[in-house]
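Okay, got some structures for you below.
The two complexes that follow have subunit A in common; it is paired with subunit B in the first and with subunit C in the second.
This part shows the complex of A and B:
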């Protein structure tokens, strides 16, 4: 019986990962690409055999691929995964899928997840860019929208706001990002919104922006949902957190669910250790334990909850997050400056792009963003 | 001058390496094959494949957006 292969979209794969479904992935990229960056899930089994090792036929792979399970073949763009998937199907394997658009599409896909309701019908959404571990946020209220840490794929946000009948009024970046290209400025230009950036991160930018500073307040919609900036340096010198509606703490790249931000991506690790320490152990400590922490990234799949949210109560993080439980300054200093994971791909060029000093085309931007975000101290 | 030149310009993964394999299978030990490709993505794959098959990468260069590799069959 001839079997046919099916495409699996990044969206379908995301749903399976969130639902913790079993899936067997045959990744046919070369070993170094695979080691650098792969699809992860609680019940995902991964096998890496480069497609060029299977050019004489897939016989060697057959007994390593389980029967009766969903099989997904993955490569960089999809061509090689189709090539191998077809051969597996011809060899009699069933339930064979390939990842539509490959890792390239996986990197760009974002799943909108509702975090909660705000007063008077307002809503807060998190956009989970699951492949790369980046998070954007949209606050909606009374026909207005505010974007926070906008990712590069701005069409998705424009469409989402439009579907919600909202006009994007402000786009905010909690800091100058080093792992991904911000869509905040472009989205603001396209929609007539105001773009906000912390001034201490913006000393080298070549565009106009509204300074995102403590003491200023941004209000959304008629019910005036408040967005309060809190100066929280350490990942960068300008890093600014946002308290939304007295319920949510958007922590940028300062505090993650299972880790804390690294201070070295702008090249100032030693200088910023004390700032990071002070933000995490004094400034945040003074905030309500009941705030829901919503970071700009996640590094491990265990940080993604069963409901698809990446979120945790601040009080719980003070109990469980290793980055918040280092009593001595010296331990903290060495944890955030020594044996750090590799830096994100092209992080210097990404910073230059986010300053407006480089203008790569879309394909170049996608290439610069290749790989995991690596913004946390504990990402390996 | 290589013994065989494989033109894989304009082709995407996996075709450049599929063609390269056919090329290398068709030459004798000690002979060389030159591959031309425009697919940046297959560059690292090609190097890994040459390494894996224990052939020798003699030269790798880029000319006006075309990646050119010379491989000696071992």
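This part shows the complex of A and C:
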């Protein structure tokens, strides 16, 4: 009888989720952490039994765990999942895995997904931080790279650019993020790139940056791939979208595949409702329906496509996204200001960190980012 | 600064990651006597939610938490058998609300808190005198039989025993507070 357990890496788990493979997850964290944040997938079955309920033996759990399927035991950091996984294997269960590094590693993992080719051999990549629902982008062309909405794990981007033989020239943030710590400034410092931030989101920052404003164009490589900023306030007062190569609309936290941005994370929900409405129902409406919308977040697993991309045609979103189909101003106002989901973990401290006013260490940063992003109005 | 909280035993889980803090706590509590208080010292932040949740599920009391210099000091009390059976036998009882009204009105009576010192130090009714249940018998000499007493604990069980003991020893004006600190909504104080 095989009593060995195997590690499953966050990368392997990501590939299973994208491929919509069947997987049974036994999450052994305590109930409140499980309710707050869990691994989701179209064909994932989840069962939560805290490890401390199984200290006297796993007998109670055995008949709830199916035979003949891949089983993944998950905890916060991995210790408790190994502890339980070993007991399950000893009790005769097979195909038992544990998540390497636990939810902590799951939160940090990013899967690079190619979105498409740009003219003259350029490429656009989306980095899917699947555990937290965050998205970064890299534009590559002629040996140069531009990063947009850079996440904290900057080593991954440096390595990726280097593997592609590209030098990172610019890092851009579409807005001052409240759910995750931006790696944009640090990556720019490390690589000698220029860091861009919308000036209206930067009134309290304590570092130098290049103002990301409408009318300024950023060019990548020799082939003149254009990045055009479009002022699109509403999630924050400075929120700026980017049109890349006349094909892609990087919408930041303004427009998502199945939802729209929330206006309350900087404490200005009422003030910014009109801006959000105007951006979504006028500014974006005036853009080409054929633009491919690439947001900075996703909240539901259904927003992740079969190819691993989080993307949708702007014209399709005007048909299907509930946030773009509220005819009355009053309905819109109440939808984006009332009954909003809980705010992201430590969002005030995260904003302070992104302004350079707090400098937590890496472990503290990881803790601040714990949990789902919750940047959309429909992320209940 | 280390607060003085009276405990029966200390368990060092510093440097241990989960599941070990809960595994060791469970083992240690199993060997302790009912009513005794255990301090668990851990550095793993996950121990906070896990120990609280574990205590809630097993019926042991999670008294409180102190965080000092990166160390989480958990205080837990092993539950008594009697706390699971809810038979009140002392006839004179008062609700939390009525007691609060009497205290607010400045009524002149003595409030005895018979919980463990650690529980008392985390949360108590202002003016309450701490005499843990286990020490009550020895301290009777300090309590006058002429006074009126209200006796409080967490859930009304230990205080019920205390009331019965006092009645047997000739205290006639003794009232049990129901349910006690677990649902107390009036003013409280605690050690700094």
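By definition in this document, the second predicted complex is superposed on the first by the 379 of 380 C-alpha atoms of A that agree within 3 Å, B and C clash if a C-alpha of one lies under 4 Å from a C-alpha of the other, contacts with A are read in each partner's own complex, and residues count from 1 in each chain.
In the analysis below, a contact is a pair of C-beta atoms (placed from the backbone, for glycine too) under 8 Å apart; a residue touches a chain by one contact, two chains touch by 3 or more.
Note that the coordinates shown come from a computational prediction; the quantities given were computed from them, not determined experimentally.
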Partners on subunit A (subunit B, subunit C) - clash or fit
clash
Touching A:50, do we find subunit B (first), subunit C (second), both, or neither?
both
Of the two partner chains, subunit B (first) and subunit C (second), which one does A:213 touch, if any: first, second, both, or neither?
neither
Just to be sure I read the superposition right, which of the two partners does A:364 touch: subunit B = first, subunit C = second, or both, or neither?
neither
Name the contact category of A:12: first (subunit B only), second (subunit C only), both, or neither.
neither
According to the stated criteria, A:79 is in contact with first (subunit B), second (subunit C), both, or neither; which is it?
both
Can you pull the subunit A residues that subunit B and subunit C both touch?
30-33, 50-53, 55, 75-77, 79-80, 83
Complex interface listing, subunit C residues touching subunit A
17-20, 22-23, 26, 45-46, 49-50, 53-54, 57
What residues of subunit A sit close enough to touch subunit C in their complex?
30-33, 50-53, 55, 75-77, 79-80, 83, 367
Subunit B to subunit A touching residues, read off their complex
12-15, 17-18, 21, 41, 44-45, 48-49, 52
Subunit A contacts subunit B in the complex at 29-33, 50-53, 55, 75-77, 79-80, 83
